[in-house]
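One chain, subunit A, links the two complexes that follow: it is found with subunit B in the first and with subunit C in the second.
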Partner chain A sequence: MEQLALHISNGVLGGPVAAATAVVAAVGLTLCVQRGRRDLDDRLAPMAGLVAAFIFAVQMLNFPVLPGVSGHLLGGTLAALLVGPWVGALCVSIVLVVQALMFADGGVTALGANITNMALLNTAVAYLLIVVLLRVLPRTPAGLAATAVVAGVVAVVAAALGFVLQYALGGATELTAGGLGSIAAVMTGTHALIGIGEGVITAVTVVTVAKTRPDLVYALRGLRKPDLVESAA
Partner chain B sequence: MRRTTGFVIAGLVVALLLAGVVSSFASGAPDGLDSASTRGCTVDAAGEITGGTCMAQGAKEHEVGGPFADYTFTGAGGDFAATAVSGVVGVLVTFALAGGLFWATRRRRAPAQ
Partner chain C sequence: MGAGHHVLHLDADSPVHRLAPEVKVAATVLFTVAVVATPRHVLWAFGLYALLLVVPAVAARVPAGWLGRRVWIEAPFVLLAFALPFAGTGERVDWLGLSLSVDGLYGAFNVLAKGTLGVVASLLLAATTTPRDLIVGLDRLRCPQVFTTIATFMLRYLDVLVGEARRMRVARLSRGDDPRFLWQLRGFAAGIGALFLRAYERGERVYLAMVSRGYDGRMPDGWHGPRAGVRQWAAAALVPLPAVGIAVAAAVLG
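Up next is the complex of A and B:
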């Protein structure tokens, strides 16, 4: 069975854009390592390893979104909720590196663009929405689930539009007139649907963790939620 | 601070089941990016581009490839085993790499909470 993933292949973006996104990814990852180290303690480190492994597993599970079109989890929303934005972006990046080097999934030359879109942009947009929504929505499992779905949809569409922007700046093949506009519309539509799947998977996972071990959900730290967070020991 | 070992092991078992078993039931249809990438081109039954103008035209062979390429381990007999072995190996490699890097870079002493 042929398995495809939402990863940019080798040769789709031109050399200059591939190089520029590699620089963006390197700068972003450096910042994530610096800020992420503050969060990484004896408890978060193994949890972050698990989050990366779990995202790898769920990225194999393509679900249909339209006839002949599928999608899979990107993972930024899940990672941001469970281990925070900095370590979360690093989790997704490690998954992308393993996929590119070992599973021929996403070009090695496209790794900078894939990390920029799926690890940095996806996780950052998700976390900004999570911070706002967790303070506005009711502090219940339903509120947490709604946060996951809304953040999932918007963050996946943001990642997809990141690719469209990169292609506009320097795709390898010049498209016909109006081609890029229709690509942007199609990418937004399919990825909004993929984002709903992402949101549902994320909601089920995070609500399950929050009910069994609320202390292991990074995004719930510091929030006084009688329904979800037990008082700190 | 409660221990996380039991939780992490349980989570890893779930990930191994998803990647090792459930993955064989995943959709094989082109994903959102792939389907957008071939818009404007005609594609034959084997997935090869036969004409037109589209983003996927520039795509080249993967630089590395390898025995686990496309999550289909070449040393396994049959589709299910090829996907299952790829998934299990991928989960374990990702956990070892990510867990090792995060453990090595963690703060050694947590502030009192």
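Up next is the complex of A and C:
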């Protein structure tokens, strides 16, 4: 039997927060669909499918953090680097929807919160960092790798803190004895570790792709590419 | 795991399997929302929900043991939930010499009951609907086309990824690599970028072949079964509608 995951499951967050995050997720995804449709050309469509499949596969590796909450690699940084923020957020959302419906993974009613944290927040934070870092750091494979690692760590922790915020606003169940402080500590601690793993995997993948097919890396579009290719040769 | 069959799908033929996917998706979501909206102290409501789930399980001829083994997906969380009555704060009760938090007991019950009912509902959907049909269902429920396009490719490329990973492993083995336990990770990590590229280039060829044969973002309609009629919607409503009734009754009677 394969190992399967649960993200936030049904009944962890209260009704109002579940509904509010569902609205946030719906608005965010609508924006992503509109902007993403423009991005999705013949090169990006198969890439988006592959990124989603890749994220689907790495999210299978996971472990419980709190009752009804699990930790695992998120993939938002990889998605933001390879297909951009709009299509990237869509890829992660698709993974979450299919997991919720087909693999009983993450509650259907917590889907709004899961999408808000892991698809929207994670990808958005990752992309903002990528845009800044790629312009600041040297345009070498090492610079790209450093960008991926830093964006991976920060974006994963941001997604974890998104859950802490939602829980503070309306958790339906007391999850630990220590209250909010200990939840924030557990979530940040485990997700900092997960973030490092995520950053390394993302860096290895993206640097390989950038060396052989720089045209496939969305985040490098518009930047001067020759440096990366030359130093690889 | 394949695009049309996976570990949670029960390949069989039954009235539930034959239902159009869109009605099953809608029924599952509505049922779960009703369950989660129910106040946690109304214990009888959760018993009735469990009874309601027996209807599609029997109609779909899903064996109880098959379902029971897969419900263990949530086992780690069940263990954690058992800690709640001890860790919780507030009013406490004594039970067999143990001092348990009332709030924690309700909390554990809340996570367990809502989690389990949701998992069983999703498992029944997965057992009776292939992933491909699921996406057809989402498409017919007016899901944006960008979304279903990427989802279709995701399911197809999962097979491509698994296949390429297997080929690369065989290639490593045949060149004298002898991976054991954790040391496999090194070879795997070193090859993950190459795996991604190989899978992409295969996927790209397939995609361009599809485009040149007239693919425009949606598979031809004739591929899929007929859309649901009024009778199918009515049949699928047999489970979620009573659930909504129970949720309303539970909220009113409290």
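Definition applied: the second predicted complex is superposed on the first by the 207 of 233 C-alpha atoms of A that agree within 3 Å, B and C clash if a C-alpha of one lies under 4 Å from a C-alpha of the other, contacts with A are read in each partner's own complex, and residues count from 1 in each chain.
By our rule, a residue touches a chain if its C-beta (ideal position, glycine included) is under 8 Å from a C-beta of that chain, and two chains touch if they have at least 3 such contacts.
Because the structure is predicted, anything quoted here is derived from the model rather than measured.
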Is A:136 in contact with subunit B, with subunit C, with both, or with neither (first, second, both, neither)? neither
Which of the two partners, first being subunit B and second being subunit C, lies in contact with A:95: first, second, both, or neither? both
So, does A:26 touch the first partner subunit B, the second partner subunit C, both, or neither? neither
Figure out whether A:201 sits in contact with subunit B (first) or subunit C (second), or with both, or with neither. second
Which partner chains sit in contact with A:18 here, subunit B, subunit C, both or neither? Use first/second/both/neither. second
Contacts for A:187 in the overlay, against subunit B (first) and subunit C (second): which applies, first, second, both or neither? first
Looking at A:53, would you say it contacts subunit B, subunit C, both, or neither? Reply first, second, both or neither. both
On subunit A, which partner's contacts cover more residues, subunit B's or subunit C's? B
Using the touch definition from the top, say if A:169 reaches subunit B (first), subunit C (second), both or neither. neither
On subunit A, positions contacted by subunit B and by subunit C: 1-2, 4, 6, 9-12, 33, 36-37, 40, 42-43, 45-50, 52-54, 56-57, 63-64, 68, 70, 87, 90-91, 94-95, 98, 100-105, 107-109, 172-176, 212-213, 216
Quick check: in the complex, which residue numbers of subunit A touch subunit C? 1-2, 4, 6, 9-12, 15, 18, 29, 33, 36-37, 40, 42-43, 45-50, 52-54, 56-57, 63-64, 66-68, 70, 87, 90-91, 93-95, 97-98, 100-105, 107-109, 172-177, 200-201, 204-209, 212-213, 216
Which residues of subunit B touch subunit A in the complex? 1-2, 4-5, 7-8, 11-12, 14-16, 18-19, 22-24, 26-37, 39-40, 47, 53-66, 68-72, 79, 83, 86-87, 90-103, 105-107, 110, 113
Touching residues (chain side subunit C, partner subunit A) in the complex: 1, 6-8, 25, 28-29, 32-33, 35-37, 40, 69-70, 73-74, 76-77, 80-81, 83-84, 87-89, 103-104, 107-108, 110-111, 113-115, 117-123, 125-126, 129, 131, 134, 138, 144, 146-147, 149-158, 160-161, 189-190, 192-194, 196-197, 199-200, 203-204, 206-208, 211
Under the stated contact criterion, what part of subunit A meets subunit B in this complex? 1-14, 33, 36-38, 40-54, 56-58, 60-65, 68-72, 87, 90-91, 94-95, 98-105, 107-109, 160, 163, 167, 171-176, 179, 182-183, 186-187, 190-191, 193-194, 212-213, 215-216, 232-233
